[in-house]
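Next, two complexes with chain A in common: one pairs it with chain B, the other with chain C.
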Partner chain A sequence: MANRVQIPGRNSALIAMIADEDTITGFLLAGVGNVDLRRKTNYLIVDSKTTVKQIEDTFKEFTAREDIAIVLISQYVANMIRLLVDSYNKPVPAILEIPSKDHPYDPTHDSVLSRVKYLFSAESVASERR
Partner chain B sequence: MSGQSQRLNIVPTVTTLGVVKARLVGATRGHALLKKKSDALTVQFRQILKKIVSTKESMGTIMKSSSFALTEAKYVAGENVKHVVLENVHSASLKVRSRTENVAGVKLPKFEYFTEGETKNDLTGLARGGQQVQACRGAYVKAIEVLVELASLQTSFLTLDDAIKTTNRRVNALENVVKPRLENTISYIKGELDELEREDFFRLKKIQGFKKREIERQLAAAKQFAEEKVVEKVSLQKGISINAAHNLLTTAAKDEDIIF
Partner chain C sequence: MGEEEEKGSSENGVESKEEEQDEQENNVLRFLDSLDSYLVLMDSLSPTLRQGWMELASARHSMGASRINSALFDLKHHNAATSLEVNHHDDTTMQQTCFTLCKWASPDTQNLCSKEATLEEGELLQRKASSPQIRHRGASRSSEEVQEKRPQPYGPPVTVDDQVQKERSKSLSVFGALVSPKLRGAQLSFETALETLVEIANIRSTILCARDQVQEEMKTTM
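Moving on, here comes the complex of A and B:
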């Protein structure tokens, strides 16, 4: 009962990304990108031509993959698939919302923080950053 | 709600009373321990929450500075940087490792990042702006550090949340269902045992009364018998009827004149 969640104690897990081109370029420069033998990448570049369905499918695929531990997703992309992101409640892989160049960070839409806000109805997260 | 304070269906004997009492003691101790665990977990939870909020803020600033560095690099090295970088992706050199930490009895996952292999420094095709590109890369690596820490905080946060909910559920169940049921069972058994004792007592008393009455009746019968015997003797001696003898003996006080 204590360990219902299987947290893989693996030694090398990847960081997946779903973001706009610039952010992805920066992270690829840092060395986070991975292309395996079957030409499957761990990142998805979202531009004006990507459909919501594509983003949803990639998100589902990333969260189902065993070797991905963190999924970085731009906040405006997360807003597009808000339902899927909010209904995801497994601890691994961790979903992290990052700001992008044109969309600065907005804590009111973050899925994790919004869950916290209803936990502490009196002291909201926004009131803490005074 | 049905079954709110029912009792268990068991036979009310002394042994079962002992068993149920032991269970009640166990339930009380378990309840206290679980409450302590829930409090400890809540403390950890709030600490992590504070850290998450501050880390998210710092992440915001770091991402801004790194995208700024990227813009600089793009400006210097030309727009082809993106394509070059995209071409050069092979296997990731930055990966994360996950460990489990034990906090107040709950296994929390923690990520730490490490570099495997060497970073691909062969950005062929980049004629100019190498320094800017390196600076940009450094900025993004720092951003990754912060992001990995944030991710591990987030996962521990979610796991703790889950653990707190289960523990609280157990505490409430013990407090509102299990303990009242056991207490009701104990009072029921005690009541039944008392009633049995009273029954026994009552039966004992009744039997004693019976016996006493039996004895008295026997005594009375024996006395009667003895009297009749004396009456017979008198009537034989005196040659009077039994009745007259009887009257002689019972009615008048013993006359001194009458000599036997």
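Moving on, here comes the complex of A and C:
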């Protein structure tokens, strides 16, 4: 592991997270946790008490913030707000769906892959030609 | 003469068509390559995260569940020690985003480590060798000794590695002064996972850029 320090420049940005407690704990250990002056964090811990509305609001907030460049979201959480995640099409922040302890990564649900799979579909190519 | 001109222009037309086809094929190849890289990286992410979760579970088992839980998270104002640098660059007709991970380099400690981190080793040694105090001590010192004894205006000498270790310890100290080695292991695993995720983010940017180019070409050929 490289210990070389790269100094954040003027265009430095944060990594936001919407995931379960263990995943958030792990990434906070890696130093990505940020709390601003208004005590707003760059993460949301999703548990059994978290509502879909809370997740949606947090997703919208993170994707609207200019200081966030990547949003990590557990895939099972992304499935709860699938319409919102799939309709997001900006380059920054990048939305990355990650596996969780109890839900392994499923490429069929990945929003990046679902955006390109139509290019491999024979039907879509045929319909373009009509 | 007229026939020669016609022949020349038709040859040019054929060449430009071939170049166009080559470019289209390159774009498709780039798209497929980036897609493959994305899947490979996502595959490599899972075992890294799994190791991190296992180490976290082991640490929780040895330290106790009350010592590793979200209630202990620091909710006071602080900046992220690990952040990203985002650059946009124009790739042919599309704009591509590039993410660079800046590990353990929080703005809080930026002034302290900026001078050390941006200098090459050779330049650093040259600087130290030219300072008056070190010259008086003699020329046979090793570079490490020279580095340790270099006078610092702000206190004892600090290297980049020390700064990284300091930030890592600060992150671990949220869970107490003495932590299980498994927790340190989990920290390293999640750091590795972060590096993979930044690569994935860059590949995602390449996929979307290449997809747009391929889509554009499909529209013009239909």
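Operating definition for what follows: the second predicted complex is superposed on the first by the 111 of 130 C-alpha atoms of A that agree within 3 Å, B and C clash if a C-alpha of one lies under 4 Å from a C-alpha of the other, contacts with A are read in each partner's own complex, and residues count from 1 in each chain.
Just so we're on the same page, a contact is a pair of C-beta atoms (placed from the backbone, for glycine too) under 8 Å apart; a residue touches a chain by one contact, two chains touch by 3 or more.
Please read all numbers here as calculations on a predicted model, not as lab measurements.
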| query | Overlaying the two complexes on chain A, which is it for chain B and chain C: clash or fit? | reply | clash
| Which holds for A:21: it touches chain B only (first), chain C only (second), both, or neither? | both
| said: Output check: A:39 vs chain B and chain C. Expected answer is one of first, second, both, neither. What do you get? | reply: second
| message | Quick one: is A:85 in contact with chain B, with chain C, with both, or with neither? Answer first, second, both or neither. | response | neither
| Who does A:55 touch here: chain B (first), chain C (second), both, or neither? | neither
| Which stretch of chain C would you flag for clashing with chain B, going by 63-71, 135-143 or 153-161? | 63-71
| Set of chain A residues, in rising order, touched by both chain B and chain C | 1, 3, 5, 7-9, 11-15, 21-23, 25-36, 41-42, 69-70, 72, 91-92, 94, 96, 98-99, 101, 104-105, 107, 110, 112-113, 115-116, 119, 128-129
| said: Give the list of chain A residues in touch with chain B in this complex. | reply: 1-3, 5, 7-15, 21-23, 25-36, 41-42, 69-70, 72, 89, 91-92, 94-96, 98-101, 104-105, 107, 110, 112-113, 115-116, 119, 125, 128-129
| message | Applying the document's contact rule, which stretches of chain C touch chain A when the two form their complex? | response | 31, 35, 38-39, 42, 45-46, 49-50, 52-53, 56-57, 68-70, 73-87, 95, 97, 99-107, 110, 113-114, 116-118, 160-161, 163-164, 167-168, 171-172, 174, 183, 186-194, 197-198, 200-201, 204-205, 207-208, 211, 214-215, 218, 222
| said: Under the stated contact criterion, what part of chain A meets chain C in this complex? | reply: 1, 3-9, 11-15, 21-37, 39, 41-42, 45, 69-70, 72, 91-92, 94, 96, 98-99, 101, 104-105, 107, 110, 112-113, 115-116, 119, 128-129
| remark: Given the complex, residues on chain B that touch chain A span 49-50, 52-53, 56-57, 59-60, 63-64, 66-67, 69-71, 81-82, 85-86, 88-100, 105-107, 109, 111, 115-116, 119-120, 133, 136-137, 139-141, 143-144, 147-148, 150-152, 154-155, 157-159, 161-162, 166
